[in-house]
Every structure is written in C-alpha cells, then in structure tokens.
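One chain, chain A, links the two complexes that follow: it is found with chain B in the first and with chain C in the second.
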Partner chain A sequence: MDWDKLVQLIVNGLTLGSVYALVALGFSMVYGILKLLNLAHGDVLMVGAFIGWGVLGWLGGAQDPSVAVWLLIVLMVLVAMVGCGFLGVAIERFAYRPLRRAPRIAPLISALGVSFFIQNSVLLLFGANFRSYEAIDLVDVEVGIHWGPLNVWILRVVVFASAAAMMIGLWILVTRTKLGKAMRATAFDREAAAMMGIDVDRVIVKTFFIGSALAGAAGVLVGLVFGQINHFMGFNYGLKGFTAAVVGGIGSIPGAMFGGLFIGLAEAFSVGYIEDFTRGRLGSAFSDLVVFLILVLFMLLRPQGIFGKPDVKKV
Partner chain B sequence: MSETPETPEPQQPRIGVDEWVASAEERRRQGLGTRIEDAFGRTPPVVKLLALVIPFAVYPLFVDSEYLMQVGIDTLIFVLLALGLNVAVGWVGLLDLGFVAFFGLGAYLYAAVASEYAGRHWEAQFAIPLIAIAVAAVGFVVGLPSRRLVGDYLAIVTLFFLQLWLVILVNASFTRGPNGISDIYPLEFFGRQVTSLDGYFYVALIAFVLIISFLYLLNQSRTGRAWRAVREDELASELMTMPVNRLKLLAFAVGAGVAGIAGAIFAPVQGAVFPASFDLVLLITVYAMVVLGGAGNLLGVTVGAVLINASLEALRDANNASWLFFSVIVIALLMLVRPRWLPVAILAGTVAFGLVVHEVAEQLRPSLVEGATFGGTRIDELAEQWVLLPEGAIGPDGLPAGALARLAYLGLVAAVLGLTLVRSRLWRSIGVVPVLYLAACVWENLLLAQPAVARFVLIGAMLVALMAYRPQGLFGRQRVEIV
Partner chain C sequence: MRKGMIAVALAVLASAAVVTAAVAKPSATATPAQVATCTNVSLGFLGPLTGPAGFLGQEQISWLKFGVQKYNKENGTRFALVEGDTQLKAPVALTVGRKLASNSKVLAVIGGSESQAVRVTGNLFERTSLANVSGSATAVDLTKGRPYRSFFRVVPNDGVQGPQILNFVSTNLKAKNVVVIDSQDDYSLPLASAITRGLRAKGVTVSRESVSADDTDFSSIVANVGSNVNVVVFATQVATAANTLSNQLREQGKRATVFGTDGAYSPSQFKPRNGHVSIFAPDLHFDPKAAKIIGEYRKFVKKDTSGAFGPATYQAGWVAMSAIRKACADGRTNRVEVTKLVRSSTTPSIIGAPTRFDAKGDLRGGGQFTIYRITNGKYSPVR
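What follows is the complex of A and B.
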C-alpha cells in the first residue's frame, strides 16, 4: 500500500469536494425553495473565477501583488461573492421570475439559455484561451503542513477551511436567524408562507444572492488551487455540484456538504486508482464514469439521497 | 372569484373560472390572423405536408453551389434533430439534455458498420433501421434510473450522460479519440451508392417525410394523447391509470431513435465523425429550434429549425451578418410596437440621436470615431459614419483590447434588462433610443469582430426572451389554464 499516494488523494478529494459542496449548497437551496434546477449555476461559478482573476490582475498580478497576500485572497473572494450574488439576483429577476407559474419545463429552458448566454459572453469578452491565476507565484508550494506522509499546500488548507467556514455560516444563518426561518418556511410551503406575512419574493432573491455568492467564492477557490480557468469550466463543476446535491439529498444543507465531499473523494480516488484497477485499460479521464455510476446507483436505490426525505406528492 | 356581478342575464350559465378557460376559443380576437389560423386548421395534413416538402424538393434545382447544398443537407439533419427532441420536450415536457449524445451515437454506430476502419460496409436499408432501434434502446436504458422521479432528475442524468459520452469519445481507443473516424463509406441502398450531395439531400428529405409522418400519426394516436396528458398533469394522468413512467421512457426512446437516424445520415454526408461535433453548443442550438417554432408543434419545429440554421449560417460571415441583424431589429420593432407610427418615430429618433452623438464625439474626442468596423456590407459602410468606433478598442484577434468594449457590452446587457422593467410606455419609448444606438455600436465594434461567437450569444438571449414573452413560440397557440 502506497500511503503517500493515499494521503495525497484524500487531500485532493477534500479540496475538490469542498468546492463541489459549495456549488451543491447554492444549487440545493434554490431547488429547495423554487423546485427549480438552476442549470446556470455552474456558469455563475465560472464568472466568479473570472472576477477573482480580474481582481488579481488589478492588484498587480500574482508575481507582484500590491497588497498583502492574505488580503489579496480575501478581496478576490469577497468581490467575486458580491459580483456573483448580484448576477444570481439578476438571473432570478429576469429569467426565472416571469416564469413562476409557467409549466415546469419553461424555466429549465430559460436556464439553458442563460447558461449559454453567459458562457458565450465570457468567450466573446475574454477569448477561448485558458487563464491562470499563477497562484504558485503567490504562495510557494513548499509553504504548508508537512507532517509524516501528509504534505499539504497552504492554499489547499485555505480552500478547505474557508469552504467549511462558509458552510458553518450558512448553517447558522438557516437554523438560527429570522431569514433562515423564512427560507425554511418558503421551502416547505410557499403559499402558506406568503399567508403568514413572509415576503416570498424577497426570500427568493436573498436565497439566490447567497447561493450565487457561494458559487462565486467556489470559483475563486478553484482558480487558486486548480490553476486554470476558461469560459467552459462551469459545466464540469456545475454537473458535479448537481450530482453532489442529488447524492446528499436535494434541498438538504448537510446533505449538500456531505455529498460534495463524497463526490470529491470518489473522483480523486478513481483518478488515482482506476488505472491500477482496470490494468491500464481505462485512463484517469474515466473518473467521470465512476461518478456517473454513483449517481445512477443512488437514483435506483435511494433516490431521496443520503439526508433527504422521500418525496411525497401533495394533491 | 366565483361570482361576477356584471353578468345580469340569469338564464345564461355564470362564467366561473373553468368555463372561462373552456370558452377561451370563443374569445379569440377576430381578425385576419385568426382567419388564417382557422383556415390553416381546416387544411388536411397531407396538403400541409406537401406544402412543407415541395420547397425542399425543388431547392436543389435552384441551387448550384456546393456550399448551399451542404447547408441544405445540414438544415434537413437539424430538422430531424428538432423533430426528435420535440417528442420528449414538446409532447411530454421532459428536459432531455443528453439528446445530442444519441445523435452522436447514431453517427458513430454508422461508422462502426460502414467504414474502412471497421472493415465492413453494411447497406443502408439495413444499417439505418438497426441503428435507430439500437439508439432507441440506449435511450430507454439511460432514462431508466430516473423512472421513479420527477423530470428534473432526468435532466441531471441525461446531462451527465452527455458528459460521459464525450469523455468516452475523446479518451477511448476504439473511437480513435479526438481524431475521430474519418474513412466512412457512403450510403449504399441495394447495391447503389449515393455519391452526390443532391443524392444525400434527397435521402435526408425522404427520411424527413417518413419521420414527420410517423410522428404525426403517433401524436394522433392513443399514445400521443396520453403523452400530452402526462405533460399537462402527471398526477391526474396517473390516476386515470396511464402508465406514466412507461410513457416517459417511450417518448425518450422514440426521440433518441430519431436522433440516431439523423446521426446515421450525418456520418456518411461528412465522411468523418469527430467528438467535437456532438457538444453542448449543438444541444442548445437544437433546443432553440424547438422552442422558437413552438414546442409540440411539428410544423413549427420544422420551420424553427430552418430559420435558426439559416440565420446561423448567415451570421457566421461578417460580410452579410449585418443585414440580418439590423433587419431583425427593424422588423421586430415594427411588429411589436403599437401604434404604428411609434416604431417609425423610434427608428428616426435613433438615427438622429446617433448622428448627434457621432458629431459631438468627433469634435471632442476624434479617437472615438477613428476605428474601423469588421463588417463588409453596405450597412456597415453607412454605420461607420454613424456609430462610435473607438480606435484600438478591439484588438487584431477580435477580442476587446481594453476595458471600454467590455464595459460597453455589459452596459448594453444591463440597459436591455433595465428597459424591460420600465412600465411607462412613454419612458420605454424614449429609453429604447439610446439602447438601440448602444446595441448598434456594440454590434459594429465587438460582435462583428467575432460573428461565430456573437451568434450563440444571440441564441442564448433569444431562448430567455422567448420563454419570458412567447413561450408557445412562433406557431404554438397560447395556453389558457386554470391557476
């Protein structure tokens, strides 16, 4: 058994998984409240990555930042969160709200259009080349935790810690505050919530803001750790985030966190071991196959996900 | 509201919500449009089919360029794709995001039974039906995992299936990776090979006639009625003992089979298949075709596919894209804005506004008008005297060189969205003038520099706008329902 490799894969899986978990959270919150698959969610992440890249360039670039490194990273994440939050609110206002009472498929097609529009707008404005944060120049690879077989770059720790912090913050928001109560009530029964004096539209707007802000933060974290960003990156992260949300139990916050980490670990392990297992017949690109099989298995055996409750139809 | 005090006659039934919906037909506006619609409704389907097929059938007689023939074949293949997607999306209301994977599967299966690489050459009269059945079976299996769930999960599973399909195509050795399979044999029917583009065009046309007839009859059948019932209310149809899950899977499989046939024609036309041909761009283009024409309407879907493919071809080239862009804006204004003098006033105002802005800019900052447009039509030559063309805003690679072009683009998006929020007609009519001018500026500067990307931006925007303002598409009829 190669312990170094195993530890490395766990670290990779947790980093990737925390990003998936952030995507899954926003996706799951919106689904819980509107019963709508926000297919443009991955593209919000992509825009967040580009905003972070823009802030980085504006403050001098990775080689020669004009502010302290920790402040730079905080600024990148914050600006991306605010920017993506407003992007999410705009998407809700213009693409989804006019379709609240339309047949179920209408907002989904609208979401496809939004996704396509955002992707091609970024392609139009920034071109198809991959952009890099060059975070290795920002923080040296050697800086980090070195403890036995455990060698972790500090930025990976930052990604995991900030994702965990945001999830805890969200958990407190949803369970302890008045807004959280309103969100839960709206998710449970929108009409009843409206009759109890909750301004449903505002709750929905805030949900979109928070969910999209999380995706924006995830975009910056992706750029910091995995380096390259381009206009099409949102597809992969969106897809894995959806899968994580379904596996964890769509609409459930702990489910999204757990599902994200689970999918991240599964992907990292299959990247690491699929070649050994299939004796070289399948390369590491086939890790998607493993994730897809997990999704299918869950759909067949436990469609409500790990933390979800079975869907009971009301008439 | 169960009572309407304004209807005094007691002998007539009081109009409740249900009756209001039921009588929607009688309340339609009586005008030319309605009369055309009614006459159209009375036309027998065979006549409609002929009216649809004859323009296609004579197309090769009037066209002698190879490029236009190729566009014609592509259009027919797109029509087949749109018809296939319409089964799941339009009739059953399922979001099938893996649809182009089935198209790709059909193409690769044809490559597997008729190419030098495979070392076989099956005749098409066996190959195409077998491929259709095989692809339909795969569609059935892909749909299976989500059989217990609402349609939303189907979207995720099928989207993931598309991703997986692309991963397999690019990475597996038997598909030859990104290089694709490039020595595909032409179609061969009963020992006779199809060699010319005209021949392929007629093969595609025959496939179109057969498929649209099949789908028309299917839609008229018990199954078709059941599909529409499932779309309207899943729970109610389940209570009426319809096998909802089996119906959904059937629709899914039928759509996949049609896509497979389209793929099996596409592969020999191209002579090669590559993974890059079956991506998300194609998927959303086909969705745009179905939605523009009117999901659920066979004629609408066909016309939508023709319109979108023709527009995409026209927009590909900066030398004629401007004609389409500006005429669509003018026609949309003339059709949508009432009273009739208002769009004329708006257009005149926009021209005057542009002249003033151009003049002021030339006096204050000459560099703002010294750039050149990327377009090559007469319109673009005229526009150079009218829109702002800042020098150096667009780099030689067609990408924005500074923040100016990017900000203008984002400003345009924000302005268009903001305009939809303005309620007052006066302010909206005034506001539309600078927005139109800004749109013309962005078009001449940025969008014409990359027409291949700009057309997809327009497709995305069109999908959102259609869903918000005319979800029934061009040909569909407005839904009236009980809320």
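What follows is the complex of A and C.
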C-alpha cells in the first residue's frame, strides 16, 4: 500500500469535495423550497470566480497586493459572496418567479436559458481566455503542512476550513434562527407557511441569496487553489455539485455536505486507483465514469439519496 | 457515332483551352498600381484567439498583423486580414473555415493554428482551392499521405518533436522513470503515444496518465507520480495547465520536473521553478541576429509578451503574401494560382533556413525543434 499516495488523495478529495459541497448546498436549498433544479447554479460559481479575480486585480494582483494576503482573500470571498447573492436574487426575480405556477418543465428550461445567458455574458465581457489567480505568488506552494506523507498547501487548508465554516454557519442558520424556521416551513408546505404569516417570497429570495453566495465563495476558493478560471468552468462544478446533492439526498443540508465530500473523494480515488483496479484497462481519463456510475447506482438503489426521505404521497 | 466522338473531343479541347486561358499568365507585367489593386485582397487567420489557448492565437495574430503591415509598406501591396477565432474547438473551426472559404476576398488562410482545426477544414480548403499555411499545426497525420492538398506548414512536425523530446529526456536528463500525460485531444494523444513508445524502447519506465483539456486540477494525477519519477512529459496545448501541474508537483513535494510540449511554450504563462519545454521554432528574443525584427515588432506593439508562436505565423503570412504578389505579376490572380505558387515557393525566413515545402506540404529537410530550460520561470535555449 502506497500510504503517501493514499494520504495525498484524501487531501485532494477533501479539497475538491469542499467545493462540491458548497455548490450542492445551493442546489439543495433551492430544491428544498421550490422543488426546482437551478441549473444556472454552476454558472453563479463561475461569476464568483471572476468577481474574486477582479478584486484580486483591483487590489494590486497576486504579485504585488496592496493589502495583507489574509485580508485580500477575505475581501475576495466576501465581495464574491455579495455579488453572487444579488445575482441569485435577480435570477429568481426575473427567471423563476414569473414561472412559479407554470408546469415544472418551464422553470427548468428557464434555468437552462439563464445558464447560457450568464456563460455568454461573461464570454462577452471577459473573452474566452483562461484567467489565472496566480495564487502561488500570494502564498508559495511549499508553505503549509509537511508531515510525513502529508503535504498540504496552506491554501488547501484555507479552502477546507472556510467551506466547513460556511457549512456549519448555514446549519446553524437553518436549525437555530427564525429565518431557518421559516425556510423549513416553506420547504415543508409553501401554502401552509403563507397562511401562518410567513412571507414566502421573502424567504425564497433569502434562500437564493444564501445559496448563490455560497456558490460565489466556492468560485473564489476554486480560483485560489486550482489557479485557472474560465467562462465554462461552471458547467463541470455545477454538474458535480448536482451529483453530490442527489447522492446526499437533494433538499437535505447534511446530505449536500456529505455528498460533496463523498463525490470529491470518489473522484480523487478513481483518478488514483482506476488503473490499478482495472489492471491498466482504464486510465485516469475515465475518472468521471466512476463518479457518474455512483450517481446512476444511487438513482437505481436509493433514489432519495443517503440523507433524503422517500417522497410518500397520501392517496 | 464518329461525329459524336469528334464533337466530344472538340468539347474537351475547348474546355481545356478555357481553363488554360484562365490559369496561364499573360506575358504582360503589371504596373505598381495594378499590383496594388490586385493585392487588395485578404489573408484569413484561423486560430484560437480566445479559449484555453487564446494566448497562442493572440500572439500569432499580433505578429501576423505586424507582418502584413511590414509587407505592405515594403512592397506597395494592400493586403488585409480577416480574423477567425476557433476557440480551440473543432466545430467552431469548421464554421469559421466555411466563412473564410466563402469570402471571395480571401486568397489564402494562415492556419489552422491547431492540428484539429486543420483536420476539420483541410478538405474544405482543398475543395475551394484555398492555400492554408500553418505556423504551428504539428500533427504528423496532417501531411502523411497528403490528405489535404492545399495545406502547408512552415514548422517541423511532431515526427521530429517526439524523437527529439525522448532523446533529450533519456540522454540529457538521464531519466529512468517518466510519466507521460496527454490531454485527450488530437494533438496530444499521438504525440504522447510516440514519446511513450520511444522512451520504452530506450529502456525507460513510463507510466501514462490522461487529463481533459478543460481540467484545472491535476492534484490527483500528481499523487500518482511516484517519488522515483524524474520527469513528467505533458503533451498539452494549454500553458496554464502545464503551470498548474508544475505547481502541484511542488506542492506535493515531488521532485519530478515538467517537460512541456510545444503547446505549453509561453514565458508568461508556463513559469515552473524547474522545467523544460520544446518548440518548433526558435524564440527570436534569444537570437541576437533577430534584434532588428524584434525591435520593429516592439515598435509595432505597445507591450511585447510574445514567444515563439508569433514569428512562425509571421513567416506563414510572409509565404502566402509573397505567393499572391508573385501571382499578381500580370495584374490578376486567383486561389488556384496562389496555391500552386505557395507549393513551389522559396521564401526567406526569419526563423531559420528559407521556407520551402516538400511534396507533402512539410518543411523541406524536416526542420528542428528547439528545447528550452526553464529555471525560476526564466527561459534559456538548450539546443
């Protein structure tokens, strides 16, 4: 057993999984309340990555930042969260709210349209060139934890810690606050919640704001730890985030967190071991095959996901 | 029956006469004004101006613009450029190729910059008799068996690059364990396979890995790189990807260095602490004899961030413009004539020996790739 490799794959899987978990949370929150698949969610992450890149450039760039590195990262994440939060609210207001009473296929198509709209808007604004955060100039890759087989760049720790903090924060918000109670009530029965005096529209807007803000933060974290960003990056992260939400149980917040980490680890392990397990027949190029095979298996064997509850209807 | 045969023969003769009249040059020599009018045509550019390899296309178009301006000034011609952005996507390249082919003002295409663009447009350009001269498409199969008769390239192909890299890796770097990574595209797969085969034949232990051209994280691939691996050869068209790979190797404490193939050549984007990269044309910035042309280019652009991609495309443009100008000696020209003249041309070159093509459209004599060592992000030629 190559322990160095195993440890490293766990680190990689957790980093990637943290990002997927943040995306999955947004999917789950919106689905929980509106029963809508917000297919534009991955593109919100992409916008967040570009906002972070803009803030980085505005504050002097990675090579010569005009503020302390920690402050720079905090500002990048915060501005991206606020920007993406408002983007999410705008998407809800103009693309989904008018279709709230339409057949379920209509908002789904609208979501696809929004996804293409965002992607092409960024293409128009920034061009299709890959942009780089060059975070290695902010913090050298050798700065971090180096302990036996464990080599972790400090920015990976930042990504994991901030994703965990956001997930815990969201969990507290949903379970311990008035807004969280309103969100749960709306998710349980929108009409009953309205009759109880809950401003459902307001709750939905806040849900979109929070979910999109998390995606914005995820975008910055991706840029920081993996370096490159581009206008179509949202598709891949959106797809993996959606998979994570389904595996964890769409609509469930702990499910989204678990699903994200599970998919991240599955992806890392499949890249690392697929060749060994298939005796060289399949290479690392087929890692996505494993990820989506997991999705198919879950859909067949446990469609409600790990933390989800079966949809029981009274007759 | 006999009358019919005579009629057919006469018709064939008449057609041949018409075609000959159309193609053959009258003996008259055009005045400078007629040449200027005749060369009031366009060169099409087919390359990735945006997308993952946008850096490459931007450099090429910048040098091509410089070349067109310089050629017009020196020769009294009036060439213009029509830009076509492939975004490094084959379907987009075909759409752009169709637009260029249907534009009657376009008499030659500079590109495709990437091999996959040549593959999807090669037959189209052949059908429309449009000479396409590339300054960077290096895949061997583009000329093997002459599949696209109007395609030419001013740079050596991967049949030269593969052996050079494997010789350098095994002999100069004395590597015993190598990982070769492809990016699952038409450019990198054959090149990576050729390097893998060659290294194994030399007794080097080689593992193969694959990434997608869109991937931005290689940390799990890097986890597969053993501590005994000396070199990771990355066949990619995305310089930022090669840079990320190099950073992630360092992050995981791996001592292997990255050897990037020509697509990774970018002093501004691929800046490993320690690595190598090969390229099909010398980077003129390292050649004192090229100081004049580099100086002229720097006057033309505000900021020179170019490497080796631009000058080769400048050369491709120069070949095409020289052929069109020659074709305009009688005051008129067409695509068939231009393609014919490109095929037989000998054009002085800024990147090496005069450019002449063999029967397949390759550089006569094969040419050589140049290998650069990169230390702390700084490039220096090795051979």
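To be clear about the criterion, the second predicted complex is superposed on the first by the 310 of 315 C-alpha atoms of A that agree within 3 Å, B and C clash if a C-alpha of one lies under 4 Å from a C-alpha of the other, contacts with A are read in each partner's own complex, and residues count from 1 in each chain.
Operating definition for what follows: a residue touches a chain if its C-beta (ideal position, glycine included) is under 8 Å from a C-beta of that chain, and two chains touch if they have at least 3 such contacts.
Since this is a predicted model, take the numbers as computed values, not measurements.
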item	value
Which superposed partner A:A24 touches (first chain B, second chain C, both, neither)	neither
Which superposed partner A:F226 touches (first chain B, second chain C, both, neither)	second
Partner chain(s) touched by A:G283 [first = chain B, second = chain C, both, neither]	both
A:I210 touches, of chain B and chain C: first, second, both or neither?	neither
Touching partner for A:G127 - first (chain B), second (chain C), both, neither	both
Partner chain(s) touched by A:M46 [first = chain B, second = chain C, both, neither]	neither
On chain A, the residue positions that both chain B and chain C contact, one per complex	123, 127, 236, 283, 285
Residue ranges of chain C in contact with chain A within the complex	50-52, 54-55, 58, 87, 184, 208-212, 214, 216-217, 219-224, 226-227, 238, 240-241, 243-244, 247-248, 250-253, 269
Touching residues (chain side chain B, partner chain A) in the complex	89, 93-95, 97, 145-146, 148-153, 155-157, 159-161, 163-164, 167-168, 170-171, 231, 235, 280, 284, 287-288, 291, 295, 397, 399-400, 405-406, 409, 413, 417, 420, 446-447, 450, 453-454, 456-457, 459-464, 467-468, 471, 479, 483
Of all residues in chain A, those that touch chain B in their complex	31, 35, 37, 39, 90, 94-95, 98-99, 101-110, 112-121, 123-127, 235-236, 239, 242-243, 246, 283, 285-286, 288-289, 291-292, 295-296, 299-300, 303, 311, 313, 315
In the complex, chain A residues that touch chain C	2, 4-5, 8-9, 11-13, 15-16, 123, 127-130, 132, 136, 141-142, 144, 146, 151, 153, 222, 225-230, 232-233, 236, 267-268, 271-272, 275, 283-285, 287
